[in-house]
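The next part holds the structures, each set out as structure tokens.
First chain A sits with chain B, and in the next complex the same chain sits with chain C.
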Partner chain A sequence: MKYSANLLNMAHYLGKIILLFSALMLIPLITSVFFLEWNTVFDFLNSMGILGIVGTILLLYSPQSIGQLSWKLGMVIVALSWLTAMMLGALPYYFSGFWLSYLDCTFDVMSGLTTTGLSLVQDMEHIPYGINMWRFILTWLGGQGMIVLALVFLMRGLPGAFRIYVGEGKDERLLPNVTHTAKAIWYISVVYMLIGTLSLGITGLLIGQGPVRAFMHGMWISMSAWSTGGFAPQVQSINYYHSLAYETVTMIFFIIGSLNFNLHWAIWTGNRKEIYKNLEAVTFFTTSTILVTVALWELSKQGVYSSTLALFRRGYYTMLSAHTTTGFMTTYAQQFITEWGPLAMVAIFLAMLFGGSASSTAGGFKAVRIGLAFKAVLHDVKQLLAPERAIVVDRFHMGKDIKVEDRFTRPALTIIFLYFILWSITSLVTSANGFSLPEAMFEAASVTGNVGLSAGVTSAALPPVVKIMYILAMYLGRLEFLSFFVLAGYILSKLRRR
Partner chain B sequence: MKHFLVILTMLVVQITLLPGTAFGTVSDTPANINELVSDTVKYDQHVIKISGEVIGDKMVRGETGWININDGTNTIGVFATKKQLNLINFAGDYSTKGDTVNVEGIFYKADPKMGGDIYIKANRLVIVKEGGEIEHPLNRAKFLYAAILVILNILLTICYISKRRILKI
Partner chain C sequence: MKLPARNEIQDNIYGILLEVAGASGLLLLGLLICFWAAGVGAK
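Entry: the complex of A and B
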């Protein structure tokens, strides 16, 4: 029976993903052992125990997969996996006592997995090393893709693996086999993580941190920068370090992290011209140049930052952090609303919404969609102006030259429209709960685009309805709607049959 | 002599009432760090007084350096001399309570000489309470739950392996 086969397959893959998630908790557990944080060791042990029970029960129910996965089922599995990871990944946070409610814990897990970077943790300056490690593992995992990791370890040779892979908002094919592609993505990520840890660790030592903290912060910040996640181990974000060198290194890594994995692979395999021809790279460069120029002009005119260096470290850094959807801050949240001025605020809204590249760790509309939308408009205008019988052919370059056609431009415009709707609804819900419209729009753009910059709205005191709305917005933004719509449609269809 | 003393007293009072002096005259100080960073324009380049726990790292860079202090509402950077920083013994983290300090200094909302950094340049830094180790006694209930969960997991794993053998997977 098809119904039973679908349920069995869902249980089987969910079970495996939950067990993988549980195994990942070994990393923060070992970290806590190293730092003698015994209560935290048991928090992770207990969490692993609960995940182990849930995962094993699912696998007992369905010890093997049946047949080939359909596109729909692949997307349902992805959507369910992320929700399950959010609920179960919150256990260590809850046991630690540094969050005020389970809702706050799930908020932080979703924020990590979606590489947003907003946090509701209490007393961040005193949280255990193990808990911090879990925060950064989640953001690093989320940036690469949880399903991508599962494909590497758990689903080798799986028929229909590509269908699950695409459900996580990815469609790049670095190599012909999707499992090899997944391994390549993780290989790129690990290499950058190691280089980042070394660079930031050395920088930390040079600016006066002790060796242990320099190494740990270097590793965490590098994971967060590459994943364009935005989590930082201290409340002040990157401003904590008071260092141009530290800011510069983080900027390099978060810019690299916001580039398409296909582009990385092309450059790594010797095709360096791709960076100049690639539609996404060109679009990102164009939009970031325009928006940064507008913001810096306004900040300079208002006298917010009176030196070039100050404009670079506060204005330029923050705008790039927004556009790559990283969320690292070198200003305080309140300063956006009280000091930045209306034009700079519009520039930062747009930067957060436009986002980075598709098939990267970044969020937002994605540069390829902005580029395609622009190409579509240009094509239509050219067609209108051309002689009646003429057929205008436009092309764009993404690895190869591709003709501009409806089958590319229409999905791009649909997703942009859906992001815009999500942003509007999130802004309205926030505003309806006591925040000014600029604050609400800023925070909504940050949440929808998985950015993580804050105007001071996000805190543990936020009403539960807003927290739930933000969780939903982060989730929808990261998975780019389709997986969730398929899941919702699947559930509705089962309910209707009853 | 009496006239001389009166004039001298008046001079001292006037000097100490001048805004922005380094003699400890604090004008319109914020209640806490969050209030300070929420109204940066009001306090910019004024002498203010703030108290808080030193957290994270004591970052000495040559003859000067940085600490960050947290008062429960927010955290802010303090730029101080090496001599001032050497007074600090503990910086807070999970297992350490940092020294509690009173800092009196000039607040900058975007100092161009410091790359636009928002911070307090310490004129005076005083340790009001020394920090130390924070005890985290082991919660025995967590240990008990862990033992139960490990046993349950072992049993379930045995069941799973047996089922796979029966189904010949």
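Entry: the complex of A and C
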């Protein structure tokens, strides 16, 4: 009975998410109609039809959720939702013919949803507006979280909603009610998207783009910057615009995008001191300053970029793009391996792995975990140095003062450890398929941290095993392992019973 | 969805301005580091 109730609940939630995805395709569909791209209109109509049928069948099978969701089932639903979204969200890409295989399409969907930003698309300069719109919707949606979207539109008041919200790696609530939290996340994101579109649209006009192109690029790049996604409508990424103003505006947006939604909400609701008290903001400021200083010192010493402006527009931009896990590029991929030098490479590896903030659009193992790991070490050293009977009490600030305890530090250290393991395995798989170790380690850090910078490894010519490894690394990195482990455990336990 | 009150919108705007100012401050610091690094490279 319990087994069938679980299945019915899974079918119910997955059905809703699939229908939501189908409804979302209306936006690129309308875009295609506007730009008279009739082939793309049919690509989206076909995809919506398939998603509509699958979603309806699941909801007919299970019209209502049963009882309260368990933590385990919440996690399983999230892990399955992301896989289903990857498989079905790839349909318009496949129908468009701009990707060489269905695997490449799923790679790009996972890259978008996880806000990584690597792409296997062919002839990017000529893809239709509708398909581009779908790419950027996926990355923007991934930044906020699919489940957050579902909570706003489809799952209001459903029992156990918080349990699937946590499964997506957002473990804190901005407001006591999880639906209100999801709405607040959306409010912040939509406001920043509008401001970003306006400022980048105007910048585009000033650098000579036509009004339609300036507005569309402005909207897409702002969606991508805020989501720390890294997709761009041009192969050359931000380098295409050759504009200091464009680079500066995108930097401002991806820095803001990499902040914790709780921090945004605190600042937006009058608690402005939080910006310099918050452990995560302080850690991000510290690590980014140290890593940027090391990298720029090396880049300048090696003569890669010699002027202040070149260092700022190439070196600093790339380092911040890596640390916020955005992946916008103002350098050429091969430069990392041939020109950057060992110290700058170590700095960028670490920046990509450290990432932005927890409960933000960013990836990596997150500033709060670095801060907590540092606090844990400091606490242990203090305890060792203190008299034997003394009890050392340390605190950190995340909205309020919290005591440094094992229940906070241990999960942080576990996740950091798991990220390093995943990075190592991904590096080994890449290297075993014919790439040099620096290239492999760079690309592996980029997919594990959901960054999107590339040393030139990622292309449609990659062996399928590497593509699958990268999809898995992006997925695990984004969901922070837990939901996937629960899904794997759940499937194994069912198999063992048979 | 309930629209935010006027003072809430005011708080939101101050919050956005503070975040933009914070990010711009980080960029200024970056520019200073670039200036320093360019000096190191020139030696």
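Throughout what follows, the second predicted complex is superposed on the first by the 498 of 498 C-alpha atoms of A that agree within 3 Å, B and C clash if a C-alpha of one lies under 4 Å from a C-alpha of the other, contacts with A are read in each partner's own complex, and residues count from 1 in each chain.
Please note the rule applied: a residue touches a chain if its C-beta (ideal position, glycine included) is under 8 Å from a C-beta of that chain, and two chains touch if they have at least 3 such contacts.
Note that this is a predicted model, so its numbers are computed, not measured.
A.B. asks: With both structures superposed, pick whichever of chain B and chain C touches the larger number of chain A residues.
C.D. replies: B
A.B. asks: Quick check for you: in the superposed arrangement, does A:Gly341 touch first (chain B), second (chain C), both or neither?
C.D. replies: Neither chain B nor chain C is touched by A:Gly341.
A.B. asks: Tell me the contact category for A:Glu125 with respect to chain B and chain C: first, second, both or neither.
C.D. replies: Only chain B; A:Glu125 stays clear of chain C.
A.B. asks: Quick one: classify A:Ile207 as touching chain B (first), chain C (second), both or neither.
C.D. replies: In the superposition, A:Ile207 touches chain B alone.
A.B. asks: Output check: A:Ile57 vs chain B and chain C. Expected answer is one of first, second, both, neither. What do you get?
C.D. replies: In the superposition, A:Ile57 touches chain B alone.
A.B. asks: Touching A:Asn46 in the superposition: chain B (first), chain C (second), both, neither?
C.D. replies: first
A.B. asks: Have a look at where A:Ser307 lands relative to chain B and chain C in the superposition and call it first, second, both or neither.
C.D. replies: After superposition on chain A, A:Ser307 lies in contact with both partners, chain B and chain C.
A.B. asks: Go through the superposed model and pick first if A:Ile267 touches only chain B, second if only chain C, both, or neither.
C.D. replies: Only chain C; A:Ile267 stays clear of chain B.
A.B. asks: Go through chain A and flag every residue that touches chain B in one model and chain C in the other.
C.D. replies: The answer is residues 306-307, 309, 311-312 of chain A.
A.B. asks: Of all residues in chain A, which touch chain B in the complex?
C.D. replies: 35-39, 42-43, 45-46, 48-50, 52-53, 56-57, 59-60, 63-64, 95, 125-129, 207-210, 213, 234-236, 239-242, 244, 304-307, 309-314, 331-332, 334-335, 338-339
A.B. asks: Help me check something: in the complex, which residues belonging to chain A touch chain C?
C.D. replies: For chain A paired with chain C, touching residues are 183, 191-192, 195, 248, 251-252, 255-256, 259, 264, 267-270, 272, 275, 285, 288-289, 292-293, 296-297, 299-301, 303, 306-309, 311-312, 315-316, 320.
A.B. asks: Quick one: which bits of chain B touch chain A in the complex? Just the residue numbers, please.
C.D. replies: Its residues touching chain A are 37-41, 53, 55-61, 65-66, 68, 70, 74-77, 79, 92-95, 109-119, 134, 136, 138-139, 142-143, 145-146, 148-150, 152-153, 156-157, 159-160, 163-164, 167, 169.
A.B. asks: Going by the contact rule set out above, which residues of chain C touch chain A in the complex?
C.D. replies: So the residues of chain C touching chain A come out as 1, 8, 11-12, 14-16, 18-20, 22-24, 26-27, 29-31, 33-35, 37-38, 40-42.
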